[in-house]
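There are two complexes below, and they share subunit A, which is joined by subunit B in the first and by subunit C in the second.
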Partner chain A sequence: MIGGPVIQTRSLTKSYGRLNAVRDLDLFVGANRITAFLGRNGAGKSTTIKLLLGMIYPTGGEATVLGARVAESKESREMRRRVAYVAENKPLYPYMTPAQMIRFVSSFYPDWRSDAAERLMKEYELPADRKVKSLSKGMRTKLALLLAFARRPDLLILDEPSEGLDPVGIEQLLQTLVAQSAEGISVFFSSHQITEVERIADHVCILDKGRLLVDASLDDLRQSYRRIDLVFRSAPVEHEFRMTGVERIETSGHQMRVLASRNAEMVVERAHALNAVSVETSPVGLRDIFLETVRDN
Partner chain B sequence: MLWYKAWLETRARFLVSVCAISIISAFFVHHAERVISPEPKRETYFLLFFVHHYLVGLWILSAVLLGMGGLIRERAIGTSSFTLTLPVSRARVAGVQIAVGIFQAILLAVLPWSVILFTTDLIGRAFPVSQAAFYVLLLISGGLVYFALAVLISSLIEGEYTAPAVAYGLVVLSGITFSSVDSLRPYADLWRFMGGDNHFNHATYLLSGPFPRFGALAALSVAALMLLASVAVIQRREF
Partner chain C sequence: MFLKLNSNAGQPIYLQLMEQIRHAAETGALKDGEQLPSVRNLAEELVVSPNTVVKAYSELEHEGLIELRHGSGAFATLRRRTRFLTDHVQAARRRIRDLIERLREDGLLDEEIRRAFEAELLHAAETAAKR
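Moving on to the complex of A and B:
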């Protein structure tokens, strides 16, 4: 179990010429929970992860992972002993076999769990002596996950972990992530699969164009976001509903649909004040929240 | 265990190179010896001087191939993100890769010459071990410059095929330049140095004189500088 944040960034910035891949990112990832990192392609998720792991260097700002400053090479090296990372394309040495990969990786981690590695080899039905280059993408993904899970990390950073897995594999993965979290391992993962995020994440961060737009617990998001469907006797006036927390208004004839990130009750009050014929409030799924957030940006 | 990774990564290149050079050298010695067998013993010595020049060419081709690799090549094939998240410094990753490469380059000189000695012994034309050692030391001390050049190129240029193409181009270009400019030839013509031309006695067909310690030291220093530069480049690069 770890106390403070497992990841913290302050004004973290990464620029490539005029392009800001990450802009003034203030990220706080708490310990002992599953945090999902959402964003469109090119939003800056992978760049942020590379910055955290010392693969690229920040243009500005600072970041710590497990209390270690990522810009300090010695601290970063010690931090990487406690972090397991699975990259998006699941890169593994093509000239090694799974058995050789396990032998190689295990030598760097004193806490390596051979029993867990053996169990996962059987569970994932991985061939021990076939070259990695001849494995399917799903098999490579499973091997990459095995190498991450068996090293007993304090923090798991996963970039699109379910990519390449079949539905059974995805189910196994999600269950394993929940189990890892229950053991006190913090999980930080990026994904485009909103349904997976909704199933396992405790906390959600949404990044777009290098900026952090949402940083909230999934429960809070679910409670605060509301869709309000309104019907009026005559065509409603949109500007009556433009208030703090209203993200979007769609009007069609006498009907109006309002999406509110907060203050839904004020929208309802205003609708009643304007003699709405029907007022229906419903919860909003993470998918809509995500789409709305990045659309507005 | 980084050495284990470096070995698995390069073993195919190394084994193919060492087998090819050894077989070609042994075949050449054995075949040519039959042709000139009635000749005096010193003809064998000349033959070995000749063989060594072929060996130098093949060794450089192989050493450049062995110098390819490292984190930039890994970036091209997508595995650098895995290596860089291991709890080891980039300098150590690069250092082990270089050390394994140097060890293989040394074996690439020693093993073929051992096969040559065995072959000459087999056909009853024994060759002095001290002479073989002289050839091997010249080959390694001069040749490591080419290995280091390959390592430096592979840390600067991305691409699985671009880096070796550039490295081979530079090897040929430097060879032509240094051998054709009279003022440079005595100091910078590594092919002559590695081939033993500067020490070849045309009367005995043996290498004579003391081992060129300063020349070897200068060549090794150039190689070391290039290797240090490649490590510095790797430490600053972004992946």
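Moving on to the complex of A and C:
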């Protein structure tokens, strides 16, 4: 699987009656990297993940995960053995204790790493002998993560993994994800927490209303998105700045604010050519990029 | 070596990492021949993607600031280059100090000077990236 995609979809669509939960999704998730799947609540993230794992069937289009066609039940079964999935609601057996859960789950996986499970038990401070139903939401999340991490999968798919975790728990989660990635495991996680995505992701896919709006490396986004604030002697004309890469133009009196997804230097050149009194370029964080793309959709 | 990154800045994290390691070399915090943390350890410590560390290390190797030895990790290879840089950086700081002094005499506030510097640097970086 080296070099190839770990997840690829073509025109993947899922409708519930008239509602399009996922629309014409063309997703390409590269191997050996951390990919974040960012979107608002209800954007279609969980639906996409369930489609990838064959838990629900698409209305149209197709998906391959680790080279296996999800629609082919035999291929799909093989594939799911190599994928660890942590669901949003973390389903666990409430009457078992963490120690029992670990013994139970480990029996299904020949590559199970007892050392990793033990280390994470300590790190996450999980009580071995309390019943799952009496654990806090954060504790249950940590247990679900531990069960996925100790499996040594090729691909890790996590649906809102940080949900219900406190700041310490989130830090531990991110650290574990980074460690997993260092071992060559591809990570695909959905989130609406921009700060965590910004810290660890190599690549980000922004989904809104079932459509993929942004699919780019975080390095590229950081380097190319710019906000340019301009001041002119007289009221500026917007159409002078309508060029490729310019996403938004706002004017207020003699001031103008341009948001560029690329070609910021061309905007600056144009501004100088038009004798701008002041030209200020500033970087745009992922939060603003996210809000802008979602607003335009 | 202490490193700090800003994930919210308009600059890729690997570039920030390169700059900080370069800075550590220029200030002497990183000595010649010293071993750098492993990719995994540094990624976990900074909570960044391991690919970010790999990218920074391989770019720095390309620049000749570090050496990647098969199986044993990354090592600083500073020598003459750094001493040369240290002198230059000190000279540059003197010039910048003079310039700032002059701008203040012209009546500019520190905040205005800072903004002007940042705007020019960003502009320069962008033009360079374009080429």
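Simple rule for what comes next: the second predicted complex is superposed on the first by the 294 of 297 C-alpha atoms of A that agree within 3 Å, B and C clash if a C-alpha of one lies under 4 Å from a C-alpha of the other, contacts with A are read in each partner's own complex, and residues count from 1 in each chain.
Methods note: a residue touches a chain if its C-beta (ideal position, glycine included) is under 8 Å from a C-beta of that chain, and two chains touch if they have at least 3 such contacts.
Keep in mind it's a predicted model, so treat the numbers as computed, not measured.
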item: Subunit B versus subunit C as contact partner of A:Val258, first or second or both or neither; value: neither
item: Partner chain(s) touched by A:Ala150 [first = subunit B, second = subunit C, both, neither]; value: neither
item: Partner chain(s) touched by A:Gln175 [first = subunit B, second = subunit C, both, neither]; value: second
item: Which of subunit B and subunit C A:Leu218 touches, first, second, both or neither; value: second
item: First, second, both or neither for A:Ile200, with subunit B first and subunit C second; value: second
item: Which superposed partner A:Leu52 touches (first subunit B, second subunit C, both, neither); value: neither
item: Which superposed partner A:Ser282 touches (first subunit B, second subunit C, both, neither); value: second
item: Residues of subunit A that touch subunit B when the two form their complex; value: 50, 53-57, 73, 77-78, 80-81, 83, 85, 87, 89, 91-96, 100, 103-105, 107-109
item: Footprint of subunit A on subunit C - complex, ascending; value: 7-14, 39-40, 43-44, 47-52, 115, 118-119, 122-123, 126-127, 129-130
item: Residues of subunit A touching subunit C in the complex; value: 32-34, 171, 174-175, 178-179, 181-182, 195, 198-202, 218-219, 222-223, 225-226, 264-265, 268, 279-286
item: In the complex with subunit A, residue positions of subunit B that touch it; value: 1, 4-5, 8-9, 12, 77-82, 84-89, 238-239
